[in-house]
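Both complexes below contain subunit A, partnered by subunit B and then by subunit C.
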Partner chain A sequence: MLPRLAWRNLWRQRTRTLILISAVTFSYALLLVAMGVGDDSHQQMLDAAVEGAGGDVLVHRDGYWSTLAADLVLPDGLAVAERARGVEGVAEAIPRIRLPALVSTADGARAVDLLAVDPLVEEALVDIHEHLVEGERLDATALESPILLGIRMAEDLETEVGGRVVLTASGWDGELTRALFRVAGFLETGIREVDETLAYTTLQAAWGALGDSATVTQVGVLVQEGTDVEVLAEALREGLGRDGVPVEVLTWRQAVPEMVGFIETDDAFLYIYAAVMFVVVAFAIANTFLVAVTERVREFGLLNALGLRGRRIGVLVLVETAVLTLVAVGVGFAIALAGHLAIDHWGIPIAIWGMEDMELAGVNISDMVMRSQITTSKWIVATVAVMVTTVGSAVFAAVKAARLVPAEAMRFYE
Partner chain B sequence: MNLSVRLGIRNLARHRWRSILTLGGVAAAVALMVWTLAFVDGWLDLMVRGATAVETGQVQVHSRAYADQPRVYRSFHADDAFLDTLTALSEVDAAAPRVKLAGLVGNERTSQVARLLGVDPTRETETTAVAEGVVEGRWLSGSPADLTRPREVVLGRGLARQLRVAPGDELVVFLEAADGSLGNDLLQVVGVLETGNSMVDRGTAYMHIEDAQWVAALDGEIHEVALRTADPELAPLAAAAVAARLEALDGAGLPEEEGLVAQPWQELLPGLSQILSVSRESYLFMYLMVYLVAAVGILNTQRMSAQERRREFGVLVAVGLAPRRLLGILVVEALVLGMLGALAGGLVGGVISWWHATAGLDLSVFTDQGGFSYMGVVFEGRIFARMSAAAVAQPVLVMLVVAVLSGLWPAWVASRIEPAPTIAGRT
Partner chain C sequence: MSEPLIRAEGVTKVFRQGELEVHALRGVDLTVGVGEFSALAGPSGCGKTTLLNLIGALDEPSGGVLSVAGQDVTQLARGDAADFRLDHVGFVFQAYNLVPVLTAYENAEFTLLLRGASREERRTVVEPLLERVGLGGLFERKPHELSGGQQQRVAVVRALATSPSIVLADEPTANLDSTASAGLLDLMLELNQELGTTFLFATHDELVLERAKRVVRMLDGRVDEDIWD
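Moving on, here comes the complex of A and B:
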């Protein structure tokens, strides 16, 4: 009976109820959409960071990641990758060499972050030829010691496809090594910093230059869908740490702490704003119900005289709020869902705010298009929090209504 | 006091609880906006400072060719007299000449690619805050080390960590010189830097400009002059003044393509400049959202209270109060309500902002991952808000406008009552 009574009571003051519902609906839908867009951009940033780091789980010589020191290597990297592939939950293990180096031509020298990879294996993480604008693929070229260069660097060095460049780097033993490479092609990502420093070569070519045939600096591990990264990392530690050189196994959380730190901070700010917004909404609701109770003193008095106990009158007020909240949350959810679908479908390019390239946590992000994604647990928590806040804000009014004395209430005149 | 105001205040006092609750909502919204403005100001300050004060400076002078495409041989001659000409301008506070090189720095174990900046230690300290970032050892000494000793170098913390060196350790630098030869020299680490500028902290090495000129075969020439101006916002004006002065000097005989150009940091760091203007506009959106919710609160309260007091209004109108006057009373009520709430919110927001401006907001509260970098600026540890009269006053004033606007409709509806049926209770 109470819900029906509550429903009727709500619509007796239509404008007021609609205003209240719209306030809750609006802020609730806004919160959900903000979470959806935030989670999606965070995911994109994280993906970019993980891609830049080299995999979901990274295997290095112990101490490598914090120093990127070229002497901390995995001397038998291919075997490490092979053993990692045998661990359950591993989708692919990608051996690669990261080498800070100088690339020089007659026109100058440029510092590069050289990545030596097996292009076919690397494809499991990223297609390095995606940004190839001129020349040939590393796995298709007939050139000996091929190298792909960022287009801005190539322009600065005034080199052309097929041209020669000299690579200078410190070898595994710390001795400076110089080697001749042939330019196979140019890469253009559109991000200035990347196009100035990017260079790819094959593992074979790098080994040729460094006089070696198995050493890598990193094995990037990709996990199969549904695998717990922490558990897998532990299994890899077990499987790889036993013999040979000491290794470090890092999950992406440990590998890109800066990005994780940014995302957690950004989320925290969203929650602070959401909390204050709902304090404002809660004040409005508390107010409305307080007024409603005063206004309906006679009505409550009558109900009381008819035998409805004080407590049940209090419950009636709470049920009214609950019904109002349900309607607001229902409508808000529908609006948020529509917003989510629309944003996810069309996307919002951040370029419309005049932002093109940005650097975040050491990762260069360009031309990001914000879409939306639903994190079920977060949406549930937000919904419950909104419902508790709105219903909770009517408690004061409910207590007041419950304490009315029937005889006095009936005598009350406006 | 005006009758409307007196009536308005009395009416609000008559419904203490209702007024307090509405005030609370308004105050929370205003406090949030005050804090947002103070925090955004502090954040932007940190961005501009981190990006310009540490390394870039506010204005830079290069040769036209170098500005177009940096090359180690695109250098120019700049003596003390030239630098003094620039600092003589009222817009320019200090000038620092620099040599910019890229090379491999390392020891027998490992090496890293580094940006090498050759600087005049004294002028650099006057121009940028880089020396304040020394966390280990010391800044470069006033003049280069004795020729029998290794050259002094100060490393960014990331570079020092990657090379696993500390003050006292020796390093070798290897780079391409201006004449195409490969220059190398022995260095000794004298200090380690942590400045908050990620480019400096991650991969930059500072050395004496004379040492850098020698290893890069630059023959006393430099690549860049960094200038400090008092207000980063006015850097474009300062750049224009410098450009005018350079043009006057160029008149002394430099051909066009060898001329010098002056660029403000807004041109040198366009990405950062974009982000700053976006962040400055982003709080408009916040205003809209937060104040819209607060406005609904005021609207609702006013509407309810008018509804409840319709008989009272009926009587007032019946005894001759003009509807326009009634409208005035109700709008004043909303205004007083908004004003009290806004003042309370301004106070609360001001106190919290002041607290975050003096003690800082510890980012580790939000994440256990430490700091992060954004557009080349490191955000780590505590972030300080910036208190200003504008940051407090603006949200308060905007709320007054919002309060009047959201009070208008309920007041309009209430002022149009028909006295007779209302008094009779037939509405």
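Moving on, here comes the complex of A and C:
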């Protein structure tokens, strides 16, 4: 009986009910869509952060990551990578050299961030040829000591594919070393700073220039799906730190704390937005239902006079709110789902907000396309929160209705 | 002599409005027997509606003894008072008698529904009563689609549906024209005679007073005159 009464009562003030339902519906749908886009963006940022850092877990010589000092190396880096591959939960261990260097031609010299990799192994994390706009892949070229350069740097140095450049860097022994490289191709990421400083070569070529054919500066570890990164990092610390070389093992969270901080802050803003929205909706509903109770004092008095207990009258008011909320949540969910599917299908390029050159915590996000991702637990929590907030906001009105004295209520408006 | 249906002794009711005390009832003594068709009469403010509300457990007396259908109604908790009304009292009010969102049929069966009667039990009771009061064919009409007289008839059916000990009617004809009033009162009188249900009115209406077998005239919160037909 109460649900039927509640449903009909809701539509007595059709316009008011529709406005209330709309407020709850769109607040709820917006919240879900914002969470979907936020979660997907954060996931992309994290993926980019992991790519930028070099893996889910990073293994360095102790002190390397904070200083990027060229002399803090893993002398037997290939063996470290091999031992890491044997740790349970490791999907791949990628040895690489990462160090500052100078690339020069007859037309000038440029400082570069040199990355020396095994292109085939590196593909487990990222295809470095993704941004190749001219020339050949490192793993396909016949050139000796091949190097890929950022397009802007190549323009500044007036070099061309097949041209020669001289790489100057600090060798493993600390002495300055110079070596000739051949330009295999050009990379264009779209970020000015990166395109001015990026240089990729192979481990073999780097070792040829720097000496010692097993030394690397970093081993990036990728974890198998479902593996706890923190637990794996601890296992690596125990497994790799035994042979005299002090290593540091960092999770990506430790390696890029700025990104983690940004995401946590972004999440916090979303929760603040949700809290503000909930408060506004709660006040709107509380006010509306208080007005509705005042308008229906005589009716509640009549129901009580006929034998409907005060507590059930209060429940009637709450059921009305619950029905309103269910309708709003149903419609809101459908809208949110449609929004989620549309955004996930078409995507929203972050560049449309003028972020052509956006870098966050050292990670390029300018070419990011925001999509949507449903985190079931979050959507459930949001739905429960909306329902509890809206129904809860009518509690005061319900209590007021439940406590009416029938004789006084029946005199109302007389 | 059997216990009267209503027994009031020295019943008082004081309303407090801030510092002000309004003595609506100043010691009412009254007994009403089973099957009576009686009316409380008197000028506005004499305490008719207040007394009716106390008898119907819609309000609590400030003092005195009041029992209805053998139950002391002076100390009922709110929930118990609601149950008491559901079990023993039928109401017909002056106005706003029906729940606006329910149909005539749903309003008529409302008290039975509160009692937990099955759909079939409700239908068996309500349909013949609605037919009896001339509302056959109007079951699905909402209150705003019924005339004032028709609404009051629905209220009478609802009041009688649970076979209460007493029907309390507060100015039931106040918003009706004389023809509709006469029709409604004749119907209530017939039902009183057929079913033996006790009716107690609070009214100014001469049409009611003409039909009442007993008229209790009140003045200034007391019983002034008790006239039997």
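One rule holds in what follows: the second predicted complex is superposed on the first by the 410 of 414 C-alpha atoms of A that agree within 3 Å, B and C clash if a C-alpha of one lies under 4 Å from a C-alpha of the other, contacts with A are read in each partner's own complex, and residues count from 1 in each chain.
Simple rule for what comes next: a residue touches a chain if its C-beta (ideal position, glycine included) is under 8 Å from a C-beta of that chain, and two chains touch if they have at least 3 such contacts.
Being a predicted model, the structure only gives us computed values, none of them experimental.
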| item | value |
| --- | --- |
| Which superposed partner A:Asn9 touches (first subunit B, second subunit C, both, neither) | second |
| Contact breadth on subunit A, by residue count: subunit C or subunit B | B |
| Partner chain in contact with A:Met1 - subunit B first, subunit C second, else both or neither | second |
| Which of subunit B and subunit C A:Phe283 touches, first, second, both or neither | first |
| First, second, both or neither for A:Leu102, with subunit B first and subunit C second | first |
| First (subunit B), second (subunit C), both or neither touched by A:Leu302 | second |
| First (subunit B), second (subunit C), both or neither touched by A:Arg311 | second |
| A:Leu143 touches, of subunit B and subunit C: first, second, both or neither? | neither |
| Where subunit A meets both subunit C and subunit B, residue numbers | none |
| List of subunit B residues in touch with subunit A within their complex | 17-18, 21-22, 24-26, 28-29, 31-32, 69, 71-72, 102-104, 106-115, 161-164, 174-176, 180, 198, 202, 271, 274-275, 277-278, 281, 286, 289-290, 292-294, 296-297, 299-301, 303-305, 307-308, 311, 363, 365-367, 369-376 |
| Touch list for subunit A against partner subunit B, complex | 15-16, 19-20, 22-23, 26-27, 30, 66-72, 100-102, 104, 106, 108-113, 156, 168-170, 174, 176, 257-262, 264-265, 267-269, 273, 276-277, 279-284, 286-288, 290-291, 294-295, 353-362, 414 |
| Contacting residues of subunit A [partner subunit C, same complex] | 1, 5, 8-9, 12, 298-299, 302-311, 405-408, 410 |
| Interfacial residue positions of subunit C with respect to subunit A in the complex | 53, 56, 58-59, 78-79, 82-83, 85-87, 91, 93, 96-97, 99-102, 110-111, 113-115, 158 |
